[in-house]
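You will see two complexes here that share chain A, one where it goes with chain B and one where it goes with chain C.
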Partner chain A sequence: MFAYMVRRLLILIPLLFVICFLVYLGMFLTPGDPVSYMIGPEAMQNLKPAELEALKEALGLNQPFIIRFLLWLGGVMKGDFGYSLQSGVPIKNIVLARLPATLELSGVALLLSTVFGSLLGTVSALKRGSIGDNALTVAGMIGVSIPQFVFGLAAIVVFTLKLHWLPVGGRIEPDDVTFWDRFPNLVMPSLVLAATMVAGVMRYSRSSMLDSMNREFIKTARSKGLPEWRVNFVHGFRVALLPVIVLIGFRLPMLLGGSVIVEQVFQWPGIGNEFVAAVRSYNYPLIMMIAFFSVFAVLIASFLIDLLTAWLDPRVKFE
Partner chain B sequence: MRKDRIVVLVTTMLLLATGLFAGGSKEAAPAASTAPTSTAVGPTNSNPLSDLRVRQAMAYAIDMKTACATLLQGMALPADSDIPNGPWKTPDLSKYEYNPEKAKALLKEAKWDSNRVLDLIYYYADQETVDLMTAIQQWFAAVGIKMKFRQITGDLAAQLNALPADAEKGPSGITWDLAYGAKAALALQEYYNAYARSVDGKPQIAHTPANATMDSLIAATNSTSDIAKQKEAFFALEKYMASNVKDIPLYYQQLFIYENKRLNRNGGLYGNDQYNYDWGILNWTVTADANGKQILYTNTGPKQFFFEPWSDPAIHITRKVLWDRLITCDGSLTPTTGKLASSYKLSADGMNLTFTLRDGLKWHDGSPLTVDDVKWSVETALKFPTLNAVFKKTFNSLKGAKDYLEGKTPGVAGITASGNTITFDFASLDPNCLLTFTQWAPLPKKYLAKADPLKFQQDPFWQNPVGSGPYRIDKVSMNDYLVMVPYKDYWGGVAKIDQIVCYPSDDNDANVVKNAAAQKLDYGFTKNVGDVKSLQAMSHMNVKAVDIPYTRILWVNQFPKPAAK
Partner chain C sequence: MENAKGRTTRLDRQFDRLRDMEEAGTYVKARGGRVLGRILANKLSLFGFVAAGVILLASMFAPLITRYDPMAIDLRHIEAPPSAVHILGTDKVGRDVFSRILYGGRISILVGLGSSLGSALIGIGIGAYTGYRGGWLDGLLLRISEIVMSFPQIILVLMLVAIAGQSLMNLMLIFTLTGWGGIYRMIRGQMLSLREEEYVTAMRAFGMNTLSICYKHILPNALGPIMVNITLSTAMFILQEAGLSFLGLGVPASIPTWGNILNAAQDLRILTTLWWMWIPVSTVISVFVLAINFIGDGLRDSTDPTQQG
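What follows is the complex of A and B.
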């Protein structure tokens, strides 16, 4: 098992750099550059070609693509992710400043969606065909179908503009000191994000639970005279959890990458928002750092899912 | 077919129907006194767009009145010149009211090849632009001009502005036939200066061949500080440009200032909020909150850094209130009185400008603001590549500016600073030197002396800058909020609003409607027509339309295309 894990981890390293190279190549092939964004076409009309060249030179944009990639890669090896082309702020500082916001929002949403999704899915499976099951199925379908931005805007209309219960957006207000001061700002985006995620978990856990409830080992447990709750929640639920864990595992990278749409709707200053701004402004170093960690998170999540699957399901063997 | 495509198509058909109907009416016929005479001028080179009659036909073919009323929802004004409406526009311009029959006749006279397909480019990404381009395409088709349009992305400078080899003969450095874009001007000369050859005879514009008449008309607008003479020169130039259809002005965009009704300017002026003017912010008040505090909420707060005020002087609130200017101006940007400078004097010939700074001026950190800061700021700005074009012209007109830039002298010879007085001697006249000093802000030398002008915006100073204006930074959390409070030692007194809280946004804030509806946006301005409609529907908001020098134009490439390889 140890040899398998080491082998898997070693494969991740070249994979990570190949994907980063492809991202860098994609950016290079995308029309536009940071200077065009910084200056704008109208002001560009007043800039002499020599001045434009000097500006590009100063920002290191005149070097060939491969040199720029290698310089970036060399920096990453030394833990230096470069500087924002717009502000000159070290990329590391920008990401570290945004990360708490993203972890907070995604972490809460992931937790809520996992807990409620699993429970509701299990209840739905156990009460199959009941009004409750049908209601949850419909709610689940609605949750999966409604785009996040529609859900978010509807929540703003109801809870901010009509009821005046919650702030329209942002994460921290100037007078906020403790977490609880800014808690109202977290409520709406995290619930909206969780609500759109819970449906998926619920659907997975329901069908998985239904599947496990028909298995032989459940019948055996019942025949042994075990209490129904123990049959359902210890024997059935554990196996039913497997596909749910896979789903949650694939959502883990979101903890780092952020949720672009919810962050945009609620003006949440997380990584997702920063990533969109970086792409719009062709801020290569920032795009690369976020991409690097997102790719890293996806690869690690997939590795962990493999480990967890093996741990939860004795039929799975490491090879 | 997608729904939005159908909407555009139906709108276009309606526009055409109403336009064609109007075309046959009395209204469409150009007024006799203003109708341009259809000259017999043929093409001046191998490009048929160099034929005046073709350009006139295109101008006649577009029904901007209807487009402004429908596509632009009545929030734009049809343009008949690059110059905005107002005292600087001559009343007897050649007009090109929508007249498809006249357009057809002109094209026939010019022997227009109806199989030729024109290539129109634009750089905006919004649907409104696509709709307008679709409408123009249909209007052109109705008179026999085929046109395809496309959005350009990537290196816009190379695609839009690549200059021809020769200012008069070309060949063209660009591939397109028509380009849709905008010209925003701080000084009106900005509309036309690029149409003239540079002092060394080189081309400055990609699409329109230079000629001696145009050169001299443009030079006349730049050669005097006398307002009456300047106006006369502008009138002559405007008439020339319009009668020769050097470009096709489409519409004037307006600026919309929105304010929560709890904000009171207390008699303060309204003007072009994209720039600095004497808007009287010291006297502004807002309804106090439960704690008795007056807090103004606005946008354009910093996301990652504070924007420097030299490329664009006032598009963000921070650029407006953190740094003071030497002098100020009224809402139409006409210089009026001193700010950091207690007095100023421009010599009769416009070649010498002296400012006397107020006594005891201080930066927000308490250190003295001196003429040395002003001198250093001008010299540094000269090396700043994205310096605003009007400032650039002023500073480059100084005596010794060229030598300084070439490294021949340690400073600009034309700047002398002594005591509280700083004097600028010009080598060539700049009619907008006063305007420059209403917008350009000196910065503190002690913090920025080592900054690389090429990477000026990337200097750590812009994380928490020190200013000189009526408000100073109290606290900032990048991408969360900025709190500015009145600067107690401000020379003009202490501002009445206790706090200005700025939420982060670009100048084109995507969250205007949401935040205004939630009463978290008391002041701002926008050119987004959709947002304006929503803001107008809010009972707690006031929206004020302001005419600004911002013209959407169709540029016509009149140079011969290079021979195919």
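What follows is the complex of A and C.
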């Protein structure tokens, strides 16, 4: 197991290196003076041209491209991600401030969509061919066909503007208030984000459950005289869940990407919102670093998913 | 064809008929007809064909259906509710919403279809060849697709939009460059299994051209999944265009597209009182994408014999 983990992590290193290079290349090719995002703006204002030149020399900015890339990479590894062009705030602080909101939103959405998706898919498979099954299939198709933001806007119109049940958007910081105070703000964004994912999980778990219901061990379980719910939900479901977990792993990029639009609709102060603002104002260092962090998050998550599958599936060998 | 006793059975006659059809070249047509027949037999995909067809035709023949210019500003009739003059009312600067939806459909569908065909072209072009040949090129392209696919797509798209700038052409190029991974992987996977078939070995033994083997003889066997993929990714790109234009970062705002029309819906006043500015266009997008998804699903059911339902 340990050797497998190490091997799997070692594969990530060249991939991350290439992605780092692409991100740096992106910053290199886009307009903007590298000095301006390597030092804070206050420090910049007090500099004389000669000092600036000396600083460039000291920072290695007069070095060839590859050397500069390696210097930058060294900085990134030490946690120095540069500065936002607009506000001059270190990118690290911006990301750390925005990250909890995004993690909260996508975590809840992931949980909801997995639970509902796999349950509905399982029920659909057990009642295969029934009206309920067909209705769920069609509902799932409708769910993936409505643009996410239209979903969000409709929810705002119904639950905020007409019924006045929920706040229009925003997020309450978890400082002094309880979870239940913050809960109303979280309901709509997380449900909308989950709704678009449920269909895929449902479809996948349905076919995976159908597949597992035809297997030998189900017959064995049934012939042992186990009650039907135990056969389906303990023996069948456990095996059917595996491909679903893999699917969720594949969908993590979608989840992160999806939260960009949902955060915008509900003014949720997460990374996605910051990213859109950065794109709108051509804040290249911030754009590149957020893109880099999102890839990083996806790679780490897919690594964890791999471990989880390996742990759940006794057939996977850790070669 | 005769069996051992010299008597033709029903089975023999059937085989004779099939052989005659094959020789006359009508067999393929009959098979195509069967696929189409099975798609049409599926009520949902029939609905898909009808709904998508109606929206597509209405967009194509927009000038015959509406007499308003989708970009003509009319400040004397701003925010007019639906009436006999303006079927779906007018927007904030007095442009006819109905004609904007029709003309917007042209661009939105163009972006969706164009990008998915572009991605298919790249994905198939390299996937078929490298999947068949293998080797270092295959390994390299697989790594490249891995890198592209490890970015959340919308983040990669927005990043490229920020670098390349906003334009219709750029958006389609960006969609193509970020979207080819899925179909490339699918084709490559198909090639890996199809290249082990005996007819491929036979063709290789005859010394046939590699390009001809992989594009002309193996590739048609993957036609079913390719069609399904193109259909479903068209739907996906239409949704993405709508999302990006809603953020104001997709197609430039001066060009009417479904997403650009919906951009107005960020205003709470429009959301509550001026419903005609966002509900009709949301419905059209959703129905169109749903229709395309139904078609794709029908295609999958009718071309993939392993799919069980």
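Quick note on the criterion: the second predicted complex is superposed on the first by the 251 of 319 C-alpha atoms of A that agree within 3 Å, B and C clash if a C-alpha of one lies under 4 Å from a C-alpha of the other, contacts with A are read in each partner's own complex, and residues count from 1 in each chain.
Keep in mind that, in the parts below, contacts are C-beta pairs under 8 Å (C-beta built on N, C-alpha and C of every residue); 3 or more make two chains touch, one makes a residue touch a chain.
Being a predicted model, the structure only gives us computed values, none of them experimental.
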Go through the superposed model and pick first if A:Ser87 touches only chain B, second if only chain C, both, or neither.
first
Contacts for A:Ile156 in the overlay, against chain B (first) and chain C (second): which applies, first, second, both or neither?
both
Which of the two partners, first being chain B and second being chain C, lies in contact with A:Ser294: first, second, both, or neither?
second
Which partner does A:Leu119 contact after superposing on A: first (chain B), second (chain C), both, neither?
neither
Look at A:Ala277 in the shared chain and tell me whether it touches chain B only, chain C only, both, or neither; answer first, second, both or neither.
first
Touching A:Val168 in the superposition: chain B (first), chain C (second), both, neither?
both
Considering only touches as defined above, state whether A:Gln267 meets chain B (first), chain C (second), both or neither.
first
Is A:Leu226 touching the first partner chain B, the second partner chain C, both, or neither of them?
neither
Where chain B and chain C land on the same part of chain A: residues 156, 161, 168, 264
Chain A-facing residues of chain C, complex
44, 143, 146-147, 149-156, 158-159, 161-163, 235, 239, 242-243, 246-249, 262, 265, 268, 271-272, 278, 282, 285-287, 289-290, 293-294, 297, 308
Could you pull out which chain B residues touch chain A in their complex?
123, 153-157, 160-161, 181-184, 190, 194, 303-305, 311-312, 385-386, 389, 392, 452, 454-455, 457-460, 462-463, 475, 477-481, 483, 499, 501, 503-504, 510-511, 514-515, 517-518, 520
In the complex formed with chain C, which residues of chain A make contact?
15, 18-19, 22, 26, 29-30, 138, 141-142, 144-150, 153-154, 156-157, 161, 168, 210, 253-254, 256-258, 260-261, 264, 275-276, 278-280, 282, 284, 287-288, 290-291, 294-295, 298-299, 302
Would you tell me which residues of chain A are touching chain B in their complex?
31-33, 36, 38-39, 41-47, 49, 51-52, 54-55, 57-59, 83-89, 94, 97-98, 156, 160-161, 167-174, 264, 267, 269, 273-274, 277
